[in-house]
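What follows are several structures.
Two complexes are shown next, each including chain A; its partner changes from chain B in the first to chain C in the second.
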Partner chain A sequence: MLAFADLVFYMFAAMLLGSAMGVIFAKNPMHCVLLLILTFFNAAGLFILLGAEFIGLLLVMVYVGAIAVMFLFVLMTIDIDFAVLKEGFASYLPSGLIVGAVLMAELVIAGQAGLFSGARISTLTAMPAPDGVENIRALGQVLFTHYLFPFQVAALILLVAMIGAIVLTHRRREGVRRQNVMAQIARTREDSLSIVKVKPGQGI
Partner chain B sequence: MTPFNMMPFDWFAVAPALPEVFLACAAMGLLIVGVFSRGEVASRSVGGLALVSLVVTYVIMHAAKVADFQQAFPKGAVGFMFVADEFAFYAKGLILAAGVFSILLTPDFMNRNSINKFEYYVLITLATLGMMIMVSANDLLAMYVGMELMSFCLYILAAFWRDNLKSSEAGLKYFVLGSLASGLMLYGMSLLYGMTGDTSFDGIGILLGNGLPNIEHSVAITVALVLMIVAMAFKVSAVPFHMWTPDVYEGAPTPVTVFMATAPKAAAMLLMMRVLYQPLLALEDQWMQMLTVLSLLTMGIGSLLAIVQTNIKRLLAYSSIGNVGFMLVGVVAGTEDGVQGVLVYLAIYLTMTIGLFAVLLSLRRKNVFVETIDDLAGLARTAPGAAFAMMLITFSLAGVPPLVGFFGKFYVFSAAIAAGQTWLAISGVLFSVIAAYYCLRIVKVMYFDEGKFRPELNQPSNAQWIAVLAAAGVLVMSVFIDVLDHTAGRAASSLFRLEHTVARH
Partner chain C sequence: MEALFALVTAENALLIAKNLALILCITLPLLGAVAYLTLAERKVIGWMQLRVGPNRVGPYGLLQPIADAVKLIFKETIIPADASKVVFMIAPAMVMVPALIAWAVIPFGEGMVLADINLGVLYLLATSSLGVYGVLMSGWASNSKYPFLGAVRSAAQMVSYEVSMGLTLLSIILMSGSMNLSDIVMAQKGMWYMIPAFPMFVVFIISILAETNRAPFDLPEGEAELVAGFHAEYGSMPFALFFLGEYANMILMSAMTAVLFMGGWLPPVDMAPFTWVPGIVWFAAKIAFVLFIFLWVRATLPRYRYDQLMRLGWKVFLPFTLIWLVLTASAMHLLGKV
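And then the complex of A and B:
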């Protein structure tokens, strides 16, 4: 009889594989992205099942929250002719299959040589996780103490990327009318309204 | 309660990295100043403040060295990933000086091409910070983030003149190839980490040296070594990983080229020496073979291809490749003298490169900056001072004895001979004779050729007095070469602080 965890594992794994196949085979690119998001959620589920809840949440936040949403934006804002992109699928298929076969063969050979199991793995010992500390807290503790230095430098690298994006793309356009909220609020009745008494029978 | 929950953060642990912390804060401050001031004022004030922050960083670094923070706070949050030894001190001195002079050379060029945006100075400051972190790294992680911080700034700077096709091309090319090199570096690092289980330089050094028996003969370690050397060779632009250099140097705005040819090159060279001589010292037999080949190729291709160049920035790119080749001879020597020679060479190389570019930036021909070597024709008659400065510096580059360029090569080659690499030193001398040819060609064009339009001096700008300073430096440094040599000697000996048990020879 299957344990509950096994059941959940097979459920997530089957959904993951199914939706991943869907990403490749779906005709409509919008469906591809939505299936990709489903794939990420299932992968996150697998991670949480493994006890790596931080990586699971990260997957949802970063890949779903940022990257997949960006894909959606790109799809919606840029006019791409997907028929053109899919052209030549048949001619690339053989080379793709060959690369896939080679990778598969490598994996099989490595598996047969026992790279994934047995003696080699057991010589490597993982860092023991302290009892009762969930891994988000554990990561936080080392990230902001032990690894503070590279962590902060990584933050600076992100800052540089932001500066770069602005420097290389931002243009100040001439003659653009911008909304000036302060000017709008500071407007008084006297500035914009003048009352003119018009006598009957005469114009202004 | 586990002790895990109760780990207080010791702020004093950051003390050894105080100059870096200051520079990071300064860069963010510059950004804010730039955003809140407008137009011309923004770039002028941010440029000035960037200069001040680089100088202040140097002062803080000096104070930190005098106060010996590294000893006072040996292992803290920063301490174990970061080392502020004499070697790092010397390296940061060179990097900060190169940053200062690049900033001083900038405004004129940028104003004339109306690309004087304040972000330029912020990026230079952040790139300098990245390099300082790189040369102070004592851990694979710190080294990698430092290198990326530098590289990202350089990619953006190369494409800074975004309306110029060549500049955009340079930026894109540099970015794509640089990412590839960075990927290779990561593969190498992860293999190294996988085999040793440690990312710190000390730990890897000890584990490779005698901690793990026979590990130095494992294939994975060799692959890791190859990948890391390829990535570092890319950063110093050693042949055959130099392809990006001429294109990027030519395409990037000239002040950016000045910066790229000086500070990052020095930083990458210094990082390479630290990595090879500290964590990877046990693999000396292996990397020495690789670097010997690299050094020969780099000297050869750099010197030979410089001869056929017509664009002066491409010529200087090949010249810098050739110089890297000569420096690699010192690295291959594998001794303290070799490292010392490279350190002296670097200081001299920076002086000459800044001087050459300063002369170029102070000249114009038909109201544009000179681009080709033939543009220099007749310079001796329109601007004899500039021609004379250029002549001094190119003679020094060629290694003519009384000038300082000679001493760089002399130290490097004599270290190689002392280490028993006689034939490498001999081929180095041969290649430097070839290199002398293109140096003399510049002098010949300036003094004996006649062009349709003669180049003229710009209105007085920073470039002129920097050119004078560099020319004077080329003359005077050879008198004070002992002082430089002594400083470099102390820096070199601090690199060999690890007591490795690996017997050499």
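And then the complex of A and C:
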């Protein structure tokens, strides 16, 4: 007997696999990114179905709402030549196949070892938080109480990476007239306006 | 396959039918409100500019939205020859759909909510961040200069203001101690959050103006420099969908403001004459008030320049909301609420 949730699971899973295949096979990079977004969406649906609604919504917010927008942004503004994109295909193929084969072998070995069987999964899904505690509270407990120091260190590393990226790419162009808002606000009537009586026929 | 057929039970059918009916109960009045918001906008701006606004179709021009709808439906749908056709046609729906699905978590009254989920605020943020895709897709798929520029502008704008919007919401979450929208409304019994968090209220109002691409932040569709921005190549129903999506988004953002800052369905004072009015009427009145602010701003303020818009988002709002967040957290700690 299938529960209703199972049907929803199969729907999300099928859509996820289908759109993930689309990401690989689509010819136009733009379509690839759009399909990738659909993949994120379905993954978020699966997370929510598993009871990890915080992670699911975060996936939509961070990956779909911000990171994928940046992908699209970059992709839209660079000029893509499809012929150049396809050029290195033959030389990359062997290494790609090796990576794929290793991943496949790992999955098969994991399956053989019974990692995906029901008994094993039931022990794996043991929640770190007691029952009845909301998702977000449990996460907060883990991140900000038990693992505060590693969390802060991770945040600091990310900050350093971000500042590094800005420092490396930022260049100050000469000859650009920038607006100085503070100077504009600080302007007074005295230093910007004077009333002059002009005699007829003379000018200033 | 048999297992699939086993799902077709009276119980499941009833469940689905009930939810569909509830969804229709929300979306149909919403679409009506969208139609009449367009009329209200033209009328209000007309009065502010000493004009009468539309007054030919029906009494006081009340049938104007219907006339507009008929006109748009019977126009020819034009797809540019070089457009990416599938993406071109999906894009308008991508603007409309996020504005509709977000209503699932909005509480209209005590217990009157379709999905009373614990992470309502996060859900709202997640869905409101999707609107940018419709704009980006339409700009790219049109394969034309002005829509493209409009779309790129809009992507940067919406992503920027989402940050300050999220941070304002964080201080609200800190004050109420919950991400459930019904709980947030109930926590405002006694005092609406717009009073203790008035600066955040102002920041939020400005951010939703930018988030919905409305004046003075309507750069993605600046008529003067971009012809019409991202929807320049659209006509007929696809264009109408963009329009409907924008207005549905305005109503949604107003509802968010009402729930998060103005006590949702709660009356302003918990006393006899105010409590006689049903909660949903208060809620609608608050939404109407925020919508009026939208129109008022449009009739009053000139359009921002693009670099000013970015400066406001990143250099003013972001530090300010961050400082306010720390202040709120400290205040909550000192008051012993956490």
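Here is the rule we use: the second predicted complex is superposed on the first by the 142 of 204 C-alpha atoms of A that agree within 3 Å, B and C clash if a C-alpha of one lies under 4 Å from a C-alpha of the other, contacts with A are read in each partner's own complex, and residues count from 1 in each chain.
Simple rule for what comes next: a residue touches a chain if its C-beta (ideal position, glycine included) is under 8 Å from a C-beta of that chain, and two chains touch if they have at least 3 such contacts.
Everything numeric here is computed off the predicted structure, so don't read it as measured data.
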Touching partner for A:F149 - first (chain B), second (chain C), both, neither: first
Partner chain in contact with A:V198 - chain B first, chain C second, else both or neither: neither
Contacts of A:A90 with chain B and chain C, given as first, second, both or neither: neither
Chain B versus chain C as contact partner of A:I163, first or second or both or neither: first
Overlapping contact positions on chain A, where the chain C interface meets the chain B interface: none
Contacting residues of chain A [partner chain B, same complex]: 124, 130-133, 137-138, 141, 144-150, 152-154, 156-157, 159-161, 163-164, 166-168
Chain B residues within the chain A interface of the complex: 2-5, 7, 9, 14, 17, 24, 27-28, 31, 77-78, 81-82, 117, 119, 122-123, 126, 129-130, 133, 139, 141-142, 144-146, 148-149, 152-153, 155-156, 159-160, 162, 171, 197
Chain A-touching residues of chain C, taken from the complex the two chains share: 3-4, 6-7, 12, 15, 84, 87, 117-119, 122-123, 125-127, 129-130, 132-133, 136-137, 139-140, 148, 151-152, 155-156, 159, 162, 179, 307-308, 311
For the chain A and chain C complex, residues of the former touching the latter: 1-2, 4, 7, 28, 30-31, 34, 37, 53-54, 57-58, 60-61, 64-66, 69-70, 72-73, 76-77, 134-136, 179, 181
